[in-house]
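Below are structures written as structure tokens.
There are two complexes below, and they share chain A, which is joined by chain B in the first and by chain C in the second.
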Partner chain A sequence: MQQIRIAGVSKRFDDYLALDRVTLDVEGGEFLSILGPSGCGKSTLLRIIAGLEMPSDGDVHIAGKRVTGDPVWKREIGFVFQNFALWPHLSVFRNVSMGLELRKVSKAEIDTRVREALRLVQLDALANRLPAQLSGGQQQRVALARAVVLKPKVLLLDEPLSALDKNLRQDMQVELKSLQRTLGLTSIFVTHDQEEALSLSDRVVVMNKGVIEQVGTPQEIYSTPRTEYVAGFVGEACFFHGIVEGGNVLRLADGAAVPLAAPAPTGARIAAFVRPEWIKLETPSNGGAPAGVFERLIYFGQSSDYLVRLGDRQIRVKHRDGDRVFANGEAVALNCKAWPLAAGAQAL
Partner chain B sequence: MGGALDDARAPRPRDGRVILMRPSPAFIALRYATLALFFLFLLAPLGVLVAVSFNPTAMIFPPQGFTLKWYAVILDKPDFLHAAWASTKLAALTAVLGTACGVFAALGLKNYGGPLKGAISGLLMSPLFIPAVIVALALFQIIFTLGIQANVWVLLAAHIVVTLPYPVRNVMAQLDGFDQRLEEAALTVGATPRQALLRVTLPLLRASIVPSLVIVFILSWNNYTVSVFLADKNWTTLPLQLRAYLQYEYEPFVAAMSTVLIVASTVLLFVMDRLVGLGPKRK
Partner chain C sequence: MIGRSKTLLLVPSVSILAAFFVVPLIWVVGLSFMSSDGTGKLVTDFTLGNYTRFLTDAYYLDALLWRTVRLAAIATLFSVVIGYFGALAIVRSAPSWQPWLILLVMLPLWVNLVVRTLSLMVVLGRTGPVNQFLVWTGIADRPIPLLFNETAVLIGMVQVAVPFVVMSIYGVLQSIPRQLEHAAMTVGATPLSAFRRVTLPLSMPGILAGSVLAFGINVESFVVPILLGGGRVRFMSVAAYETATVSNNLPFAATIGVILLVVTMAMLALYQWAVRSMTRARPVLATAG
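Here is the complex of A and B:
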């Protein structure tokens, strides 16, 4: 069953169109990420689902009920803000209990449920502290506990990890995911970090300029993006533009030929792309594969990249253990299968 | 940890503050001289007044003896005690009602984005720029024209009007840096806007509300210009009573009375500062 249904939602700020007829369904228990650069409309969409903004057009349904006109406080959502937005004058306990107090829940039940929520985020020992006395990670957990203690129909997270430093962020990713699984909460997670989106989500929505570019599993988004924008945003990509020959070969302007990973209509002008780890560098033969010049090896510690000059572009290729090391300036061939982007959509 | 990575030639305090250039001795001397002059002009006259209050004979400085009898005299003057009580009640009412008006005006202005915003906030601030005596005269003219007797409600309204800029400005300044998401967070856990106001916004605005209460109380307590036009006989405030007394008598009793007022104001400020911190916030 669809837990959240967004139907043709638009949002206009004066003469700026922040969202353009966005339609999206979220399944019950699903963890869905909305990924995009700042200003793409992802936070606006989340705020519209929460009721913190009203859509200019379209409808929002939560748990089978149309909530488009409902104010925030009637929507039964949990919301986690980017800066946590904890109330500085209230203790951790009171931050979490506020929602229950407002619902006139009995004192005994408030106590049980708040303790339970705090135990879930491992903060039961700090219930009497003020937010200012907590670390960033702890504040983040209070914000999570505050959102889940009400057993909301959906959990909405607005870049909740971006205020944390890198190590803490990775720990919190794991915790957030296991919390979501334990509670079976339908969650929408807004982020601009593609790794975060890919590693946490059941499905990823890539947004750009107020429209959804693609919706799919992390694997689909990464391996078979439909547009050049998605391909470039979710990972490193090298693009080839050319004309399809014989259904599965892309002829580039410089005469080189790239085999395609999926067939495309012969004669179409399309764009295709490869990821750095899909390419294998080889000594040139007369196979017609794109030829480049080896420039250098960049060492990162856990891995290395080759830098290869291809015409007037410099591209990265993942170095694998056991790969041959080339001399700087040596001619190389790029052995790879490129993935065609949606035919026609990316005409040259 | 990490100390070895720091550049040893550029020592820095651990909190990362930048050390400013050390000022020259002449500059430091000038700074202290300014400060000294400031206190001299501000406090010396008060010191003279306090000293005179201990003088057994007349309002003369330096005092020619030491007595506390003028302080005892205060208790023998029911007019003054009555006036002090009237002033207290008036100032307390002005503080509570004026600050409440100021809070709501500031909250309203924050949410109102219309074309009249500048005009409205300018209007609320205008008592700062228009001499209080003109406001009082205008009010006096109005009630005279309407044929209303001077009464405490008109006086209270006038006190609120002339002190209103202070709470409005205090609260607006705090709202300016107020994180809207704190209120939104309350809405997301099920609070109506009114509940969010009561449970989140107002408690957090305490930092500007309490100082507003104190400053309005003191301004109202001390006000002479407005009261002189609008107070009726039952509401002769302390400043009016002092002024009236001085027209006929000039003895150290007045100095003693003033000393009590100075001490009371100082204590009030001190206590409030301890309770909520009126000064600039230390981070």
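Here is the complex of A and C:
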């Protein structure tokens, strides 16, 4: 069943169109990420679902009920803000209990439910602390507990992890995901971090300039994107532009040929891309593969990248075990299959 | 070295305060334990006579001290309520408007207090715009006396104190992120209850500072009770001034001043303690339940 329906939602700020007829369904229990750069409208969309903004056009349904005109306090949502937005004058307990107090829940039940929510985020020992006495990660957990204690129909998260440092962020990702699974909460997670979106989500929505570019599973978004924008945003990509020959080879302007990973209409002028880990560097032969010059190796510890100059651009290639050693300045050939975009994708 | 140069920086302000504030204050306190003979000549023998005279006379206690404190407190209450709404309106207005609204609030402070109070006398007078309006709309069938009574003094004191209250509350309100109210709304609070549960308690320091400021200004009112009270509304500072200049009894004037100072400080201390313990007790009480 669809837990959230967004139907043709637009949002205008004066003469600026922040959202342009966005339509999206979210299934019950699904973890959906909205991914995009700042200013793409992703936070506006989330705030419209929450009721913190009103759409200029279109409808929002939550759990089968049209809530477009309802103010935020009437929608049964949980919202986690980017800077946590904890109430600094109230204890952890009272931060979590306020929603229940407002619903006139009995004192005994408030106590049980708040303790349960705090136990869920491992903060039951700190109930009497003030937010200022907590670390960033603990504050984040209070914000989560505050949202889930009300058993909301949907959980909306606005870049909740971006205020945390990297190690903590990875821990919180794991915790957030397991909390969401445990409670079976339908969640919408807004982020500009593609790794976060790919690792947490059941589905990812990629947004650009107020419109949805693509919706799909993390694998679809990463490996088989439909547009250059999506391909470039969710990961490192090297693009090739040329004309399709024989349905599965892309002939570039410099005469090199790149095999395609999916068929495309012969004669079409399209773009295709490869990820750094799809490329294997080889000694040039007469196969017509794109040729470049090996520049250097970048060592990261866990892995390494090659930098290869390809005409006037520099591309990255993932180092693989068993690769032979290349000398700086040595000529290399790129052995890879490119994924066709735009016109090519529509032919699939 | 750094410590010494810091101390050096304090020297000008400390010496100014010592020479022109602390020393005169000590002198006034000392003076209040002396007396003067019939001709106004100072008698330097130690006496509690001034205090006994003040504290045993119902006139001084009720008509002077109690009226001063009572009117100052009522004016403070009005100033804080009016000032809070003003500050809230400024904080919630468009950012480009805010400096201009602040300027508007500060504007009265550029005008001399006597001039301001005199113009208030025109406004409140028998033929002033307020009475004209009341008669014209039929709310009153003839001009009502708005001058030379406690109401006039109250209006004057509120007028003096409101800008200070607005400024001290504005500063605090501005530092409270709007998102905190939004967060309350996401857990089911209406805008009103979000304000009551989040913004209001968080702005307590501003209310506290504003009311201390307003009370301190009002309790020492001098120009306002003279002009708007027209001699009929007696105030501590006015009485001290008259005792010193007209009756030529400097020690008793000093006593009036010291009693006002002690009562003011005691009231402010009590008030701060009450507000602090009230705001601190809330989360503890709730978690206990």
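Just so it is clear, the second predicted complex is superposed on the first by the 343 of 348 C-alpha atoms of A that agree within 3 Å, B and C clash if a C-alpha of one lies under 4 Å from a C-alpha of the other, contacts with A are read in each partner's own complex, and residues count from 1 in each chain.
What we mean here is this: a contact is a pair of C-beta atoms (placed from the backbone, for glycine too) under 8 Å apart; a residue touches a chain by one contact, two chains touch by 3 or more.
Keep in mind that what you see is a predicted model, and the values were worked out from it rather than measured.
Visitor: Clash or fit: what happens to chain B and chain C when chain A is overlaid?
Guide: They clash: once the shared chain is superposed, the two partners overlap in space.
Visitor: If you stack the two complexes on chain A, which partner ends up touching A:Arg146: first (chain B), second (chain C), both, or neither?
Guide: A:Arg146 contacts both chain B and chain C.
Visitor: Determine, under the contact definition given at the top, whether A:Asp111 touches first (chain B), second (chain C), both, or neither.
Guide: second
Visitor: Which holds for A:Phe93: it touches chain B only (first), chain C only (second), both, or neither?
Guide: second
Visitor: Quick check on the superposed pair: does A:Gly78 touch chain B, chain C, both, or neither? Answer first, second, both or neither.
Guide: both
Visitor: Which partner chains sit in contact with A:Lys337 here, chain B, chain C, both or neither? Use first/second/both/neither.
Guide: Neither: A:Lys337 stays clear of chain B and chain C.
Visitor: Using the touch criterion from the header, give the chain among chain B and chain C with more contacted residues in chain A.
Guide: In the superposed model, C touches more residues of chain A.
Visitor: Just which bits of chain A does chain B share with chain C as contact spots?
Guide: On chain A, the residues that contact chain B in one structure and chain C in the other are 50, 52, 71-73, 77-79, 81, 83, 85-89, 98-99, 102-103, 146-147, 150.
Visitor: Touching chain A in the complex: which residues of chain B?
Guide: Spelled out, the residues of chain B in touch with chain A are 179, 181-182, 184-192, 195, 199-200, 203-204, 206.
Visitor: Taking the touch rule as given, give the residues of chain A at its contact with chain C in the complex, in rising order.
Guide: 50, 52, 71-73, 77-79, 81, 83, 85-91, 93-94, 97-99, 102-103, 107, 110-111, 127-128, 130, 146-147, 150
Visitor: Please name which positions on chain C make contact with chain A in the complex.
Guide: It comes out as residues 177, 179-180, 182-190, 193-194, 197-198, 201-202, 279, 283, 286-287, 289.
Visitor: List the residues on chain A that touch chain B in their complex, please.
Guide: So the residues of chain A in touch with chain B come to 50-52, 71-73, 77-79, 81, 83, 85-89, 98-99, 102-103, 146-147, 150.
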